[in-house]
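Here the structure comes first, spelled out in structure tokens, and everything after it is commentary.
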């Protein structure tokens, strides 16, 4: 938001972006264990305003999405962005897609076979593709299995970690989640070992950052850890 | 839903209720400590269909609500219901109102001075008034202040208790919440004493039921306790 | 909620239901056009309290759900309910499942190929199965294609119809939606014909009711039509 | 997110911000007609990480908020930010507050006396205060009062305008909303006059931009107009 030097300059009252948003759509995404996974995405598509945009062009976003029906995923992001740029004669194109991803776990029979993770991807194309992936990893309180009588063992939600990454190479969603989960397990271990008296948003943020920094395929990342307190949350964030 | 004996009988395709819903409105409610509290309510108002209802009568609901502007609360429920019955020539009138209620606590300075509770009231009038009040009380995990090193002390949400009551006499919202909180504290004590190894939805439901049964002003009640597990909740309910 | 005659009677502080809720799970449902459809469901499972229930039995709900992994739908509801009754030694078992259902439409290329409908099913088993199905059908304002200059043609949300049905025979989700949509189209036609000046919640509720009453496969039903006004909704309901 | 040149450089795994979020709190805000208005805010407070931050310092955010209990508003934002910077020894402090604001309207008795608007403010202080205000203004479809028989007159939601402004001078919330509403009315007039056949997100975005550019007190602004289509939204944005 810049200052208005000349309010008469009507050229400055210019549309910057146009598009469609909150389209709910069935999609398939790549799945490490089962090759592909069916899920439901919420999709936003928009372009930096082309020179000769008309309202009727809005339908082109939907036409492009329809053409990729059932086949949307990381791999088709580039093609969709290319087609948006071309069909709408735009300088830059953007697609955002958020979806639930289920991780199949070979856990005990009384544990849910499919754990849900909220994911989102943001792809953009001006001259080069850019892709950012985000996942929310829930942080449960450690169950004190070997705890002495007198200590609560019921589960409960401690909070969550929100991790965004950009890529050098391909990496499975499963491996990003695994990398975050490993840091959570390490934090938990420091508590069992008596090195630390409690989970802390700062310490967990740093551990997740350290864990992500060791992944070759990850180029850049940001981490936000939130702890549900009584009636609100505390949080810490980092970027790299 | 009953079986359709005679599908030709068009008199059975009858409207049963008409009304307005999800009106967001500033209201005041009675507050034990400060005499009254300003909050925002979501209001639903409806009647069992009057004989000569016209669409234009919808505005009467809003007119009645406007007349009680800023003065809606337990005390005015009866007047609103009476006016709805009369102005809309209906056999029965209903009002539902959900709102956030803040409890002021003389706690340590680092604790929030105002704790939020989700409340709702449902009043109806056919020949006699009926009023039901509901409150959601969050259940935190006990903080193990005196815990040995190696045990987590961070807060976290264990779950919540949803309590509905009908009344014999007037009782403050504060006293209903206090009654539920006392049961939660008792449950927590059994854990510290080693009588029980963990919070349980069944045991906490029973303790809250026992606590409410001892309140003279409370006529009937129902209790539902929910525990947030990893990705879902477990629950128990009772009614009295 | 009944009056408490004898507050000493501790047998009355009894748990009524126990279960699990808000489990998010990938499921498949029957699809008229494509034989089956992958979607994501939110599942609640509970039983009327068995005599010898222990907290550890909570995991049995998840075990049963896991066994039907990927195969949950109308057809498996009966088997799941049977297994819940047996494994938890309960008098009655309940399963609720809400999910997004996408209807593929052979529409113009600029229209979304898949339209989302919010659906839910509630099955229960005491001695006999009972199954109720609910769907929310959005009601858009008619686009005045042939309208004179000076009349708005932009789309917008007028409201929605919420329809619950019980069954005599099997009926496709597509056919229930089609039946509701036909009533919406008829209402719209009365406006174009000049018989009526506007959509009305009462009139649309009656038209949907009449339409559902003609479906052989539908045993009973309830209808609720809501119109989004500025800042709130008006509504009418009927039951049959 | 920058590239990781040296993954051994542990100084780069640094916390950037810490704070509290989603605190629900009763507040008062300035009201043009009634001097002040009681409402409920959701508050986030955070600082760029101070050098010697400890987890226990989290409680200072709550202590500061408590001290301004009941008196939070535009006027106290500066004091809160100053205190956050000082007490937490931080380089920069931020406060975000979103709240419902009710506009009292002297309208017909059947119209709601209080119309709800979603507002938010974001204040930050490094060396200088910065304040941004956002409001969401619903856009209803024009009611065609003088319409010929055969044209729908029922209300419905066309969409909404999301407007963010920064300030040169003080301006009432009422006047910002009025400025946006005036642009909506102008757009509607072009339709009644037959100059345009429908509301359009681009045209309405430009009209709101032109209207805001004429307000002396407004320094910079951004506008986003969204139109609810069947199952998704179309939108246009601009910035100045």
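Just a few scattered comments:
Chains here go by letter, A, B, C and D, matching the order in which they are written, and residues are numbered from 1 within each.
Keep this in mind: a contact is a pair of C-beta atoms (placed from the backbone, for glycine too) under 8 Å apart; a residue touches a chain by one contact, two chains touch by 3 or more.
Because the structure is predicted, anything quoted here is derived from the model rather than measured.
Note on interfaces B-C and A-C: more C-beta pairs are in contact across B-C. Taking the mean of C-alpha positions as each chain's centre, the chain lying farthest from the centre of chain A is B. Between chain C and chain D, the superposing rotation on Cα atoms measures out at 180°, rounded to the nearest 5.
Centre-to-centre, using mean CA coordinates, chain C is 36 Å away from chain D.
The distance from the centre of chain B to the centre of chain C, with each centre set as the mean of the Cα atoms, comes to 25 Å. Averaged C-alpha coordinates put the centre of chain A at 30 Å from the centre of chain C. For chain A, the set of residues that touch two or more other chains comprises 23-24, 112, 116, 200, 229, 231-232. Those residues of chain C lying in contact with chain B across their complex are 1-4, 7, 10, 12-24, 46, 53, 55, 58, 132, 164, 166, 200-202, 205-206, 209-210, 213-214, 219-222, 226, 229, 231-240. Chain D contributes residues 112, 115-116, 138, 140-142, 144, 147, 149-159, 191-194, 197-200, 227-232 to its touches with chain C in the complex.
Residue ranges of chain D in contact with chain B, taken from their complex: 23-26, 37-40, 59-60, 62-63, 65-66, 69, 100, 102, 109-114, 116.
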